[in-house]
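Working notes, structure below.
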């Protein structure tokens, strides 16, 4: 249908030109037409031959991405042409979405091409922050005046008594490209709805607090502490730290206590009565749920708080 | 001697006095896009210099020796763009095939340049200015490339510094680059009237 | 024997912070606090940490080795007191944060007393072989006592790939407030000279230069006299170097004395130089001649708010807080407790932190003093005045590096040679905008190291 | 745009609005910077330029949309270029014939529409994938968006640079024109600040 | 043969449309070319009419004048228009000449009296002079200095009375170069035109 | 035992020095020039300086307010910018123009880049150049100093330069004259020893603070003594301006048949000493080019920068379209400063690290 429309249109144009150009003009017009014809044919031939003869083998994935791109070579992405961008985006997926002319369609297309290489074995990994202590629940020996970065603060002696807990300067927040991590009351908190599991935060944390955990359930239970201090020391440092008492391990063997610290074996974790009980029995309330719909964690019982308070007093 | 002088003056004029970026607004897209890093900027500048010299010369010849003689002025724009696009694409394929290392350093910029208005713009300006001889056309085209390289390298240097500056969020990226380019254009006005 | 006092040996860059040495330089070395409990950190040196050799409840003797490690770059630790191991647990560490330590409950609470031991001028090191000396040094757990804590045995042992020709004894003590090395040079001159000779013997160096800043004429005098009086004292020179911070940095000292630069990222042996601190040489003599391990050291406790500033002979493992209390009540509100000098020392928060082999001083600064150094909070914009470039002894571009780190451009920071920085702090000291230049550079180095570690994955 | 489930009128409306603001070629996509800077010293040439772009965009979108099923990949861009260059030439001839003054003012910036990314971008992103109606609406939306942007920019510059708008004095008599606004400096800085302003208004939009 | 078929399959659209686009272009050109040519003449005449008030209409002189521009580097062809007043009598001449200005080339329409003795003035056909500075060559007060000035070597001075009609032209303050450019065009090209015209006998060889 | 202790990175002490003290030094350095301006141009000068300072400070305050940043007026950099801008404006400039310039220089020249320290171009010169380009006529109307016969000040219709040739006391600056001299070979008539003396004392038409070479020298030397500025840039600027001014002068065979060393000379080209003392060159050398924010950091870079400024200034003055080239050359060299910094990267004392 379209072809027929085209033909009729062209016929109309021809008619228009012919009527407008009587006499000596026809020669000139035909000359122009012939020249354009020559040019067009010439280019078609040359480019066809060149594309055959001068073909260079490239990574098929790059070709795929290249084909998905608009191929305008506009440079808006900051790269020298679509080819370079295709190559770059393959190496560094963070560059996704730089193609302004392509918009979201191209972004989706490339994302789907890139995702082909991500093997999907097991549940998706999401970060869990192994600390649950708010700023007011921690002990500070001194005030840190300086560069507002966890890495910097971590390099200095213990202004914050706990050497293992969250520092709250937000290196992870800055690392997160998806606005999925925020420091809330001095504690890094994951917004699981926005999280894509890119692992940037876990790489950024100088204390290795953020672990990528395979989320077998919607919400995962976790021991939100990373401190290997002995119970007494841990209590003096933090109201909600793990004291390594081993109550949880007695309930279910999904919990393992090592070096004064309880850990949950995430690969074996399944929601169970026993695990729930362990959580209830934990004296400092360090066992919590983490996930998109995790309930608000239980506040610690009075006793450890009182101990910490007493410690602080003297 | 006079010819040499005139050529030198033409060269200086296109490089600084009539700089394509700062006075004619040509090649702004890559100027904004590829001035983020200085090595990229330099590669881009080199590629533009190469292409603009090539296409300036080619289009001058086609325009003056074929189109004008045949009275086919009307096909000028079509011819220009096809010649530029075709030549660039061929050169790119050629370099990619036979000089892979050269391709890595500046060949990757070649396709980007096809749609760079600096190239077509210069060809059109050559026509508009009524350039007298092929030699002058070559010198002017080459100078235009050099001027573009200079402009983009200066901007790349500035932008490397700006990366460390606390530029207001809404001005980051293209806006601040444009403002900087404006101030550079202001500075380049000092050269105005130097060469007539 | 040659004494050069007039020389104005210096390096490029550097600053002149107020010296403040008058507070403690007249106080001779006194016994430190009596210790009830010591915590011997198992990681007191650069290199592999020790593993504990004793368990909870074990009885230990004074001088008994309680931690060791098989690694080449390491040094054992010893108990300074006789007593019972209370626990092997985590204690605060100035660099590492929390680090394992052996905590020993002393049997008898007693002040550490300095052994009265003088070496006469005719000390003959010839009866000790190089291997013997190295072994003794290693067994005594001697590490560089100037601050870095590099195992001394590794340093002095002859290395066929990098033969050492010149040994520089660092008596500069360029940091404000600190006078422990100065008092050592005045009071233990003979021991130091003996240590120097032993180190020379062990390392095979042909030339020895004792470098002392020219603001310590008494120490220059004493050391020159001792060297002059000593037999086989030839080839030992005493030179006065210009008083300027960081004259005591080993790279700067080498530049000042030998007019040679240690390659960037390299170590002094690459150009045939060995640098030892004076306190370290004294410890060497003690270890080799008396077979006494390094269990005590002289620590300067100073600061305007300290009632009795001075130099104290303390057991390693004593808590910083105990030592400060021993020096009298803190008279004013203090703001910062610094382990080391105010230029390079580490501010500490936990006063239970034990003294280590490398801690030469505790400086307590008042609010007024750090108020002027109103870091971070009162930071203004860098105006690129270039003062940090002028004072940088390593000829770097500190502001550029700091800003690159701040903007997370680690590649750029590296291209400005961030790793060549010795963290002397001159740039932060002079910065009119109060930018924590040194802090940013340190942070940047950590970032880079982490990035590098992740690379292979 | 390919979502067929939605009503076609919604689709048209959205396509039109996209060009006007959400995907405004200058402010959002940063396309077609050269003419944006070069012809905005006054409103009249800016408007003329905008009309030329609308014309070329419309024609090329129509042609590309018509032959979208016949395009072969490696000659696709060449086809676009050929089409655009042809219509640009026609626009140029038309200007020269009926608006000689404007043609002179715009000079080589009319033929430079050939390399204006907006047109080839729309041909690629919209016309080569959509039917005739959508392509036409897209062309109108984009073109009007471009023209509007140009006119706003030119309006600001013309008022400041000459105290006039459409060559009609609007500023009080005591106003001394800011000549710099008519020069490259003014072009760059005004556009830069305007982009900043646009970014500011859409901060919540990410 | 396969290759040819493949080629045709691939590129028939390009070739066909190239041909039709070519036709389209040429057709438009053919239709519009006369208008374009007329526009240019109209503009020249309009400007020239402002200079030569008595002129009724202008007649293109068939013979082209060739002058040297840019210090003898290249030759330029100039079309002269004869201004015809009442009664078909020649009241002056007008032509367009160009020369390098502050930034780009300045094109002027120059009018002279019938005897090529006195300048009737000039109008700027096109220029890219700096607005506010060089742009003032379009302003009356500067242009009026030329009206009635003798054809011959003009002299640019920095100070003086602009109202005086003589061969001294007072420069625009701050835009000496633009002023100079106009004077240079007058001195260079106009004189050459006069020379050539005299040689061709187009003007009365009075002297 | 101890409460409220803090920790931070070493060093824990610092030199009592602040950005504000640096800026105050610059203001003190500019005081002689301001005094000279006040002496020669009376109230006019004081009003202009006050206007620029207030406008600059207000703009900075507003910009900080908009960005919700702490007020940065305390560092006095806006005041310095205002003073320098005022000193480079002609005395008769209307107040509103000065305000426009001040707003432009702080808003566009400085705050859009992120405030002090981040600006690529010297803000005062950005403002000055913008004014010069925008309001050409206003920016080239000069007043005769008040100490001279005030009857001389008259402005010709349509801004055409009119003056009595026998007197040098005109509205034109010495540089405008020299430009004219170069173009028209009129030098012989326009120069006199009095003119040269005028450029030294300041009793001559021109921008507020640029006229008096002596006042600028005093201020510059104060800054050098206080070590607020390094000697590299001023020296490089002056030497290169002198050399590049001297080359065409010395090579001008039409004038000199043999070498001449007269302080004042008349010819096609102007005596290089005259170039140094006239126009904004001294102000530029001591106060503008030395602006640390926009100048290179390393010494080698400073030399290149200074030589570049001197060369470009002379190039524009001698062959360019504008009589004065200082502002353009400063902006141009500011633009290439990042490249210079890159070129003159410092190598660590121990040499480049060996990559193993």
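Letters A, B, C, D, E and F mark the chains in the order given here, with residues in each chain numbered from 1 onward.
Everything that follows uses one rule, which is that contacts are C-beta pairs under 8 Å (C-beta built on N, C-alpha and C of every residue); 3 or more make two chains touch, one makes a residue touch a chain.
Predicted model, so just to flag it, every value in this text is computed and none were measured.
Counted by C-beta pairs in contact, the busier of B-E and B-C is B-E. Greatest Cα centroid separation from subunit E: this falls to C. Our note on geometry: subunit C versus subunit F, Cα centroid distance of 50 Å, whole angstroms.
One finds 44 Å separating the Cα centroids of subunit A and subunit C. A straight line joining the Cα centres of subunit B and subunit F is 33 Å long. As a whole-number value, the distance joining the C-alpha centres of subunit D and subunit F reads 42 Å. Taken residue by residue, subunit F touches two or more other chains at 4-9, 108, 112, 114-115, 117-118, 130, 133-136, 321, 341, whereas all remaining positions touch fewer. Touching two or more other chains at once are residues 28, 31-32, 35-36, 39-40, 43-44, 47-48, 51, 72, 74, 76, 141-142, 145-147, 152, 156-157, 159 of subunit A.
In subunit E, the residues touching two or more other chains are 10-11, 14, 17-18, 21-22, 24-26, 28-29, 102, 130, 132-133, 177. The part of subunit E that touches subunit A in the complex is made up of residues 7, 10-11, 14-15, 17-27, 29-31. By the touch criterion given at the top, residues 30-31, 33-34, 37-38, 77-78, 81-82, 85-86, 88-89, 92-93, 107-108, 111-112, 114-117, 120, 180, 183-189, 191-193, 195-197, 199-200, 203 of subunit D touch subunit B in their complex. The touching residues of subunit B, counted against subunit A in their complex, run 29-30, 33-34, 36, 40, 43-44, 47, 70-72, 74-75, 78-79, 82, 86, 89-90, 93-94, 96-97, 108-112, 114-115. Note for the complex: subunit E touches subunit D at residues 10-11, 13-14, 17-18, 21, 24-25, 28-29, 32, 35-36, 39-40, 43, 126, 130-133. Of all the residues in subunit B, the ones that touch subunit E in their complex are 2-3, 6, 17-18, 23, 73-75, 78, 129, 132, 192-193, 196.
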